[in-house]
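For reference, chains read A, B and C in written order, and residue numbers begin at 1 within each chain.
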């Protein structure tokens, strides 16, 4: 009962946050909504008995990655967005698209709802299990992912390390 | 097993006690800092309010409450008001998972000396403290002032960078204890080597990890020599330049509460928690563990203050270089070696 | 022009008209800022934390000292000079008195000269102590400030006993000294020297080998000897860049030719070298005072000067080595009791010119370090 109540509350918070993320004009508000989504998601994980994933969700996504989002917004001093032609088109096409998608997902779930229920704690959520899965069963995908991330980092370094055009360099007068 | 009602009542009582204790500790850490730094610098520190200035925190609190709470006209109001609250909420919440002693039985209720024992306690604390960055970052941004913005930027970059080495320095300890529960980690540190060296993690192969933790903890709490987000001689006051009265006091409280949290964590993870020599009658035996715990936390806080009275401040690029080029590789090396040793032993 | 309406000459880069604002940032450091040593205003053009250019806005403390001189007699103007570089008031007074003496063609008696040297060198120590405390504070070390102020107090006590004032001393008169040394003056000074010598080591212990201090100061605010000369930079800043130039040696005034001392110089011209040079200068000052206090000659303390000073028509430039650099007075006399024109060459003002060159391409935190290391006093910059 308590679980159901918590699930509903935080599910609602997650959805509301996601909607707010789209509706807000100011990037920083959108970013904060995304943090709310992440935090409520982590509560959902916790309810499923996956404490480790829940904690990592908060530490990595809410605590580190979103900080970088906020950092970038602050650094670029991004102001309020204006409605442009493109965004109007996006609204026109997007809202029906999302609705169709949601209906599709719901329909599929209803069709296949006979797959049975999952008890709390039955899913692999303990740190030992996750470690085993990551470093044993799915070692190759894990390593491939890490190489992918490495490539991305190197790309970022190369892009950021490009020399500034001479006109922008600080003058050094003797 | 307790009934739900007793559990809730006990939890509420414990929460209230924990918050009161923490706030008192924050107030007296400020007093201690002023006193110790004062003595380092040939001054007396507070002496006028009460004996040894002991009532100074009370006077300070009163002053903060009575001061005019200015809101500059150019701020982004919702976040400007929310930022100090975010900072202080996360700073205070993290203390709820810190155990300060063993189980005790009072009036037939057997309960641990913490609000609740969670099997991923350490991770939750890390999660909560990592959320505390938002208070600082949003304060810097919403103040709409250039100095605040620079402070906020510095803070977010610094705290994210040092969080990584902080987290990695703890993994060695986790591998050795095999659990995320702070209680289990402390229990694993009981006993001694050869009868006189305590089996604390800091003497048990985690010296390097302790060093990395120490440095990262200083940086995470924005303390000298890593106090760049609020470097008063460069950024006026950094992210809290535009704050006054109680809002400023909230940042202040958050900083000291965070200091206490990292001191508690250091004690639990590296300094053996409440382990220490036990002697005397049963009542004393019951109190001694808490005493040892508090003593260790006090020593750690004293170190903080001592460093503040001694060292200059890093420059921003040096700070980042220190985090990424020195602490991070060190933490990774420590992790690899600890893992290897533990794997070979088992 | 109101200070607020001042428009900077720093040009911003091409304004990026896209949604994201990646333009350079113009930031006002001062005039109300904890680390600009008074009311200096520095407009910084920043790219992130990197300094692309600076512009100093001065004049917030302008009192028109040079103009005031034209309406005061030579004697009446004497106390005004104390208020220029208020942390080295004795040096200011010495420079002015000697300049007027030169104009009058009188010379202070030897006893007065010795007293002048002792007080001036004590004043050099207080000036350097104040510099050290605030400079370290700017870089984040809070403790040296309290140490230096504790020890500075002892010198101020000697000043107070000698002439009744601690900061703006007005210690000298044109033609010598007004006051004879008080009883126990020599003992007080000797006692101070014994007290102070280990204190310099104490300061050095806190900073010289401190890793963070070295990292923060080495290679920061570089300036070569050639650049210093081109800009007219003098004092410890010039010497730290490897130029052996000290007016006490080059054109000895007062009684400096009687004493043995060295001119400490640096090699790299960075903030760390300037720190070392000033520390060494404090030791040299101690050495000079030691020699002087042992051999104060007997005799009068005032030369024969008329009650009303009327220097002959002419002009004079006289400079001394103030703690911050060359302090010069240029006086034009039209034969009346008041100077026709008086111009001060303040070391702080000239040294401040080097700020822009020293901080370009460095970080915001370095601006603070460089302002500290230039050791400026705004009272002297603005006059």
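By definition in this document, contacts are C-beta pairs under 8 Å (C-beta built on N, C-alpha and C of every residue); 3 or more make two chains touch, one makes a residue touch a chain.
Keep in mind it's a predicted model, so treat the numbers as computed, not measured.
Student: Please identify which chain has its centre, taken as the mean of its CA atoms, farthest from the centre of chain B.
Tutor: C
Student: If you average all the Cα positions, which chain's own average lands nearest?
Tutor: B
Student: Could you grab the centroid distance between chain A and chain C? Build each centroid from C-alpha atoms only and quote it in angstrom.
Tutor: The answer is 58 Å.
Student: When the centre of a chain is set as the mean of its C-alpha atoms, what distance in Å lies between chain A and chain B?
Tutor: Their C-alpha centroids are separated by 28 Å.
Student: From the C-alpha centre of chain B to that of chain C, how far is it in Å?
Tutor: Computed value for the inter-centroid distance: 44 Å.
Student: For chain B, write out the residues touching at least two other chains, lowest number first.
Tutor: none
Student: Give me the residues of chain C that touch two or more other chains.
Tutor: Chain C, residues with two or more chain partners: not present.
Student: Two-or-more-chain contact residues of chain A, please, as numbers and ranges.
Tutor: 75, 77, in rising order.
Student: Within their complex, state which residues of chain B touch chain A.
Tutor: For chain B paired with chain A, touching residues are 76, 79, 118-120, 123-124, 126-128, 130-131, 133-134, 137-138, 140-141, 149, 152-153, 156-157, 159-160, 163, 167, 180.
Student: Any idea which chain C residues touch chain B in the complex?
Tutor: My answer: residues 25, 27, 33-35, 49, 136-143, 145-147, 150, 206-207, 210, 212-213, 215-216, 363-366, 368.
Student: Residue numbers of chain A touching chain B in their complex, please.
Tutor: 28, 35, 42, 51-52, 55-56, 58-59, 62-64, 67-68, 70-71, 73-75, 77, 127
Student: Could you pull out which chain B residues touch chain C in their complex?
Tutor: 37, 40-43, 146-147, 150, 224-225, 227-228, 231-236, 308-318
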